[in-house]
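For clarity, chains are labelled A, B, C, D and E in written order, and residue numbers in each chain start from 1.
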């Protein structure tokens, strides 16, 4: 059968739904961001909103801060998740099976829950400081470092880690399960140590999955406002919160600006994702060609 | 140094797939293990490579307590994410050998394997035989003191196979390697090694030189495995083999009930037209197939059909001939 | 020694996961939990269940949530599978672009997207309809589903599909007999993520659902956002139960049936 | 409302009797913030049964007003004639926007709403203006809110800081024991406005032009005050709680001494569910606190306006409002005009204030200061962010 | 019906791996394609199975416009999630054939393949040869009108290989199948087929009967591929071949420059000790290796070394002998 027709057939549902619901919506927000929002009388089309965004020092500073923050928290999640996935990917072992089930738990719950629980746990009157005081490890709860709304955004990072480490584990283990240890056996036989094995064989083989998980998490960490809104530090405001605040002020004439900021943020994420995919293709493991 | 396999047994899926294998293999030699499909060859090599643990028994060396062989896998197992070059140098890179040396060694071995132009390809862009050569190169480049090869030439054509065989032999002599290699293809075994063990059904049946093996297989199983032979049913009575095509003296090696004996007539080297002291049978030539270096001749002896490989043009179809055993025929 | 470190890591990780969950459960069933009390003064599971079963809305929300989730799963998988197959098996023009496109719904912030999607839905006459709501849920699940499937399908490539087609199987037969069982792990992940993402959609459900689909999340999120800890926790525990139980059942069933490792 | 069959219901009925007749057998959909369990309970347990008796089913959709407005705007943009929202809970800034975009239907007048005629006098400022926006009969008040302080008796030793100056003194003596929710949180924002009223007065702010520069000039002293207070706040004012919930918890745990709420009975309801200890005490600033109303409105796209009218009238009824006075329904004060307040409600209010140790209604009414224009609020928040939060 | 390959070309990774392949294959026959590793055999079969598209050319049949072969894959490709039984009956199940018939056909073929006891195992519990037999069974059970086999016996031992060959032959006759099979192992090709095509470097070099192929390869490439031969460099002057070991008449088939010619002396069948009209050379026997059915004899002729396969015991080591061509020697 002609492959071309087959591919068109395979992709048409995706493109159909994407065009209907997604591209059209994005297009509309793009048009709005250009300043065309007739319902409030804005009809002048131009790049003025983009221009003002790039001239705003707050915005740019927030951009940089958010990028570093997202990069760091995503990298942490991926690193820890990767390590744990490797330690516990066996399927025969009951112990690792239980581990996998536990790891699935956080994936299933919305972020908002962990925010709620974290506030109960690590705010200064939370369970953990109380426990430390009770146990005599700390003399007063005031010595407990501020972990919520703190300048280092530890609260947000913890929330993201709680959700994302398991996500990384789950997506990697699903791949690792499929990939038996045949190549590991070969490498060991050729003299590779455990570490070399990990570095040269296992890691490249799951590299595409890892990059995927990284991009998904990064996009979330970079673009979502819910958690930073609740747990973030107001002085070091993250970009999504900055945009959200602008949005909820309820001034509809500001909507084009909000949209342009959102689109700038998205564009940045897209470029970064593209870059990561590109890098991934050149890194070891970029060519798997279907493991044989 | 000598390697010892002591009473190695292996069980899998409730089945005994290796049964008390005992072998001692001199170092600096090539040792072939020949056996039919499913006889346990791969399983045995896996144990020698310490990829698998035997359920019983040990594999030891004179000096080393735990020798470990480098393996060429039957199913190649090239790393799918590495190019041919990367695959080949993997073992060297792991050992942190200098780049220049790696490059040089890789180039040499790729030249020998005729895969130099493939260096940048990925395994899924190679033909079967090319993959097998890369797998070979990946192990050979390490000059391992103990090299294990699992049917390493099965996908190669005759010409390449011979070159590879020569190369392995040279390498073995140059670096004083010990090579244990497994095959189902007896010519290969005979060409490479002077010591061949026959593994059938998880048991070592015979260890001998190729010639001895062919002429006097230890038992019927070996004889049948070596193939290219006629097996004539008969009985063994009063020190005589009795059957429809031949009755007379024989070299009896059977263990089974005397009532049922089998006469072993290999296609090659057992029967000739020139007269000897051992008259065999009189038969009619009913078919001749040309098979390259000789002719496969189909002979009807009474109601039995016998096949022999005879020199080209030594008999004509539809003629009758008297055949002779070269020596006393073997009966099991 | 190594076993010990592994065990230690396991325990740390378990604490990391369970501590917050424990807090939520305690919040849901406890009463009078103020500093410096370590634990709630009273723990009363009865009150939780009473709340659960006397709440007449709960059952309706559950039905809404689950039917939407199931609908979303069907829609998402039926779009994600072909797309993933194309991405994992074939080379075609625009593949790189598609690879990035797939991430877009995750990347573009909800603010920029939701009202505009709602606009489109109204224009298409789909707002307030089941199809409309599962379509927007699907939009957010699609990235996960496709990526998880691609990761998995790419491992085996189409080696076995080729065999199946060669032996005379039709596309459909090949899909159900070969592709599906071989990518079971990826499918499981995709279904799981879709279920979860659909269950947790709040704004999208409200906006596009035109208030007709009052799912568990729709009812719960105002409380969590308003910081009504206790009632949020009650909803949260319920949410956990209805998410975890079916997903664990699926997982157990899958691992149970899966007698064989699918080797790449 | 599933009334697509009857065209007539898509227009506002002319009077209550017609509305009642038309609405029979219909479903009315109420959209409002769903995060208040007491409010939800009131609608579910009090209003819904009352409506049921009138043959009308109530459906409550929990949606916050920002989202509702969004939805209505989108519907208008997409030219949708009939939506799904019959009644919305709206106020202040959002009303300003909704009105500007022409999303709301009216007039909602006395003819249509007998209970409005009965209990609310048209001359009430809160019926005329909502955050300085003329109401023009586009919304109807249904709940009364006033900003109150909740202090810890133990920590203040019974001596509550009833002015900004006292608050500052106390803060200096007890550093780290105060904080406020960061704007744009609703209460946090209100606290700042209340401080502005304390330091420069309502009138000055109300007269200031709605520009950043204009407002800054007026509220400079207030910002200075907040900056002076800052180092004595929790965590030296480097960070602030983000939600009232967070602040409530800090207060409950006695980490801070002062909490705020828009509901005068908030402390009482919190105590009744065991979230606050008995130590919590409600008080006001001497100069007064901000008061405003919660309003109801009917969108132009409402599918069943007759039922909407009935619902609004029912929510305004004496029965509903007096039920709402109990703690489990949030103890919200009725929006009735002081001179039209039924005696039994007044009694109940006084009774409850005494029992729950809160501020009496009379006092509340006396110390009520109106809201400023909704347009100014984001500007104030912006100024706070620049000059207080991010000031070094 | 006849199948036609018309000018089939294939390009991959920038390389021309098939070059205008033209073939016509009679139905109800077994057609073998023999070629060295990497010559394009698998690529060609993939095109015949319509797994791959040629960059140019078509594959058609007399009646069918788009014939499609059922393939036995070189790398087996057993469905990893199915048992041996399920793998084997896959094609039948797909066709909705009755359970009872499926069971019966499967049992018969499993018996022939000697894999009956493996029915419930999964592929990863099989040895290499067992996997190959399952792969064969999976295709053969369908009695496809066009069967494509890609090195289907490479992992089987001699005995099994012969049985399989017989089975395929029988099946082919019984069901009038057309079988195209690819191998690098020439004996296999010769045994199974009377029409052998030689594919080298993506080109069909020769199509002939086995005997013709061996005796007169069309060109040097084919000769070299068929292997087991000595190639003596020399020149072709005045209709005479001139080299260090032999100078005289020859059957010249070269195309290249006359200055450089190569004398082709296969190990088998070209040279004998018995006198003929074509005196070859006089050499000294310097080595003898026993290779089963004959002896590989190493002969020093001046400074050249020549190998021949001679009947066992026909020469003694360290003796000199005069050798003769059986017929006029071929020179390229």
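For this structure, a couple of remarks:
As a convention for this text, contacts are C-beta pairs under 8 Å (C-beta built on N, C-alpha and C of every residue); 3 or more make two chains touch, one makes a residue touch a chain.
Keep in mind that what you see is a predicted model, and the values were worked out from it rather than measured.
Separation of chain B from chain D in touch steps, taking the shortest path, is 2. Chain pairs C-E and A-B differ in how many C-beta pairs are in contact, and the one with more is A-B.
Per-chain CA centroids place chain B at a distance of 56 Å from chain C.
Annotation: 16 Å between the Cα-based centres of chain A and chain C.
Each chain gets one centre point, the mean of its Cα atoms, and the points for chain C and chain D are 36 Å apart.
Each chain gets one centre point, the mean of its Cα atoms, and the points for chain D and chain E are 90 Å apart. Within chain B, the positions touching two or more other chains are listed as 124-125. In chain A, the positions touching at least two other chains are 3, 125, 182, 288-292.
Across the assembly, chain D contributes residues 73, 77, 243, 245-246, 249, 253, 255 that each touch 2 or more other chains. Partner chain C is touched in their complex by these residues of chain A: 3-4, 6-7, 9-11, 13-14, 17-18, 20-22, 24-26, 28-29, 32, 84, 87-88, 91, 95, 97, 99, 101-110, 112-118, 120-121, 125, 127, 130-131, 133-134, 141, 162, 165-166, 170-171, 174-175, 177-180, 182, 208-209, 212, 215-216, 219-220, 223-225, 240, 243-244, 247, 258-259, 262-263, 265-266, 269-270, 273-274, 277, 288-292. Only residues 49, 51, 68, 70-71, 73, 76-82, 90-91, 93-95, 122-125, 138-139, 142 of chain B touch chain A when the two sit together in their complex.
Taken in their complex, chain D has these residues touching chain C: 29, 31, 33-37, 59, 61-64, 67, 70-71, 73-75, 77-78, 80, 83-85, 243-246, 248-249, 252-255, 273-275, 277. Within the complex formed with chain D, the residues of chain C that make contact are 31-32, 34-36, 115, 118-119, 122-123, 128, 203, 206-207, 210-212, 214, 218-219, 222-223, 225-231. By the touch criterion given at the top, residues 182-183, 185-193, 196, 200-201, 204-205, 207, 284-292 of chain A touch chain B in their complex.
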